[in-house]
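As written, the chains take the letters A, B and C, and residue 1 is the first residue of each chain.
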Amino acid sequence: MTRSRLVVTASFAAVGLGVAVALGALVLDPARAAVGPMPGEGLALPSGTRFVVGIDVARFTSSPMYQKHAAKADLTPEAFAELEEKTGLRPDRDIDQILIAGAPPAADGPARGAVLVFGRFDRYKLSRAIEADGEKKNVSWKTIDGYTVYVFGEGRAKGRPGALAFLDDDTLVLGPQATVEEVIANRNGGGKGLAENAELVRLLGTVRPGSTFWMVGDQTLLSRMPNNVPSPMGGGQMSLPALKSLVVTGDLDPEMALHATGEARDEAAARQLADVVRGMTALIQLQGGQNPALQSLATAFSVNHEGAKVHVNARLPYELLDQLKAMGAQRKAAPPAEPIQ
Amino acid sequence: MSAEAKPLPPPVPFLRAAKAVFDLSLEEMVWSRKSLVMAGLLLLPVALALLFRLVADLKHAPAGIDLYGLVVAMYYLRNALPLASLFFATALIADEVEGRTITYLLSRPVSRASILCGKFAAYVVTGLTLTLPGIVASFFLLVPIRGFAGLAAFVPDLLRDLGVAALALCAYGALFALLGVLLKRPTIPGLVFLIGWESLANLPGWLPRYTVTAWVRSLVRHRPVDEGLAELFQTTLPTGEAIAVLVAITILGLAGAYGIFSRKQFVLDQ
Amino acid sequence: MPIYDQRYRRYEARNPLRELRFWPITREALKLVIARRAFLMLLLVAWVPFIARTIQVYVVTRFPEAGRVLPVDGRLFGEFLSGQLGFALLVSVFGGAGLIANDLRTGAILVYLSRPLTRVDYILGKLCALLSLNLFVTLAPALMLWIVAVSLAPEQFATLKLLWLPPAIVLHALVIGLAMGLMALAVSSLSKSARVAGLAFAGLFIGLEIARGVLRGMFRTPETGLVSLQGNLHALGNALFGIQHRFFNQPWPLAALALLVMAALSLWVLRARVRAVEVVQ
């Protein structure tokens, strides 16, 4: 074999090996049952869910943003000491992921939703802590399908009772009692749960795993959003085309990064929406003049549309956010302009 | 005794001739100083990724898939692959002319189509040899910077990127092969095309459709934040259309190159 | 003198040739490259941004409100020179790639160095040719733009406050011309083919710039810009003309140092490659 042939063969063998390893990872991945970034347990959420939000707590708490604000908001490990002693839980250490699922309220009903918390819980200590507060906080508990459900405020005149249940040693569900019971029923095979909601499952599949936080919402949720926004040029309103779905992912380390994908009804609507965002960006750029903070803000966004989808990318370094905050404070402190006589 | 004209030997069949040219050209292309330069360009991201793994604070690093996306979309597809194509594809015939060896090639009983196809195939194999390992290595060095969990979710992206890189090599290669046989000095027009014309991809409306890069960019899922005008006017074109256009560019480019090469008379400078 | 002391002695040029010995090389190189019509076209096209900027200055002097969108001050010249880098690249590839490569291919380098010329004369001659071409697309239009700006808006540009502009323009254009010229010549000396040398220089110029982009994405520090010739030239220009840029913001002393290192490397390559004997391996 000549030297050239050897180089070609070695190169293709390396690529083949790499692809084989990658395919192996794809086939053997333990998280295959998951949908996008959502663990398999999330499929027990109610089928009527219209939006799901996910937060990777480990990434969130290690981000510069959390570190900066934790001390101010009393979220330091010392502050959690009392809670940890009582319940065995230190949120920043023991919670891995939070899923918030919900649906807008029906015409005259309350909002619906559930929260799934994944982590490592001292189940005994946590249960004792809840039961110890039982009388004081009107907590009762019952067993449904083998799961202990703690109900808060049962029988009170105002509002619906809330509930909490351990789905297993690592998963906790919270929410209105009816929703928690529905989640338990879904988990036991009594209902199909989120898997029945084909549209939301499809959207979840498009979310990029590995983000610090993410959100998906379908048409029902978005139809309640305002269709008009104030025009950036001032004077009047601008109509926005309705969105069929919205997927947002974001990271907080080393800077704030957001990626939003909205699906409009058709390509023309997507173009219109993209143009609105571009217009706003261009306006910031023009208004920024030689102000580096505003210039940076304008260039921190990128917009593009792909068929009926609009993608908005934003990368906001924390220094830029601090500069903008300082500018806002300066503007507030400045005396209002004299009216023209 | 009458001197009878000796009959010309029958031309070598197309495939056999193309394979012979392919073998010859591959030897010249892969193991050469030129390829070493291009290998440096195409494998640079691997060195950068290694440096990153060794030096950076991975706990506070950006998401690995974002960095890998930056390498694929910004480095390979927008810049390095078009440059490598310009480097190799314009030289397919120009090297033979410059080295004054075109005479030997054209005086053999092989068709010009087989010469062009053999050389183009050698270019594609050389390009793939230098590019694909870089992409695969970048994937494994950058994507799992926060652990291997979730790596599987990005495997389809890797496969897609490898395919797009191959398609980009073919499309740009055919275009520059055409430029190489059409012009005596294709370097400057090629660079003007890459630096100037391809910038239309960053403008609004239908302008991106007139470039090759916009079609190539549309095929990958990575959308890194740009540093200039592209931030305002990024356009993603439909996938099916993009594949069709790139295949069409490849076929038309090669057909055009063959059309010119088959008729061209080569007068070597003395 | 004893025979063992008869060592190699450098050629001492004849008196009339001692001054500006590199000039004939520069002159011939320029003649060759300017004889190409396509190159003249390129030089002409390189002046199009000058026309655009002149219109900008005119519009802003007539309609000051336009200055909010297209501000006109000292920074205009820095932005203009940075914009000319693309043309400087094309001119360096077109005019510079073959300067040494062709001599190496044809063996003309042996003829040159067997004349009353030293290696320094040869390199200086080639460098001056490339430098003058680069200055034609950077310094000349930038100075012309300054003259136009001073003539159109003397109250704005003909002030003591902006007296630093012409020296800054000259300095930045010279740095661009020298840095690009030296690197183009170094790459040219590494190949016997002008085409390969041209593409290799373009690859190096663009490759280092995209490497900067990737490194910036990875490390998020301005110092990553130091790897790029283009980035360093931008950074130096930004410092000279007071431009605040989001990406080319590495400290200018470091950018200047990086440019010096690049120039030294180019000179080292030239020293190694430009020689009167060819080592056949």
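In the analysis below, a residue touches a chain if its C-beta (ideal position, glycine included) is under 8 Å from a C-beta of that chain, and two chains touch if they have at least 3 such contacts.
Only a predicted model underlies this, so the values are computations on that prediction, with no experimental measurement involved.
> Hey, which chain is the most central one here, using CA centres?
B
> Looking at every pair of chains, which has the largest contact count?
A-B
> Determine the centre-to-centre distance between subunit B and subunit C, using the mean Cα coordinates as centres, and give it in whole Å.
29
> Calculate how many whole Å lie between the centre of subunit A and the centre of subunit B, each centre taken as the average of the chain's C-alpha atoms.
Their C-alpha centroids are separated by 40 Å.
> What's the distance between the Cα centroids of subunit A and subunit C, rounded to whole Å?
The mean C-alpha positions of subunit A and subunit C differ by 51 Å.
> Which subunit C residues touch at least two other chains?
220, 246
> Counting only residues that touch at least two other chains, what does the list for subunit A look like?
Those would be 254-255, 299.
> Which positions in subunit B touch two or more other chains at once?
61-62, 66, 227
> Which subunit B residues qualify as touching subunit C in the complex?
Of all residues in subunit B, those touching subunit C are 33-34, 37-38, 41, 44-45, 48-49, 52, 55-56, 61-62, 66-67, 70-71, 74-75, 78-80, 83, 86-87, 90-91, 94, 98, 185, 187-188, 191-192, 195-196, 224, 227.
> Give the list of subunit C residues in touch with subunit A in this complex.
Of all residues in subunit C, those touching subunit A are 68-69, 71, 220, 244, 246.
> In their shared complex, at which residues does subunit B touch subunit A?
Those in contact with subunit A are residues 26-27, 29-31, 59-66, 125-126, 128-130, 132-133, 136-137, 139-140, 146, 148-153, 155-156, 158-159, 162, 218, 223, 225-227, 230-238.
> Give the list of subunit C residues in touch with subunit B in this complex.
38, 42, 86, 89-90, 93-94, 97, 191, 193, 195-196, 198-200, 202-203, 206-207, 210-211, 213-215, 217-220, 246-247
> Looking at the complex, which residues from subunit A come into contact with subunit B?
These residues of subunit A touch subunit B: 2-5, 7-8, 11-12, 14-15, 18-19, 21-23, 25-26, 28-29, 31-32, 36-37, 62, 64, 208-211, 251, 253-255, 257, 259, 278, 281-282, 299-307, 311, 313-315.
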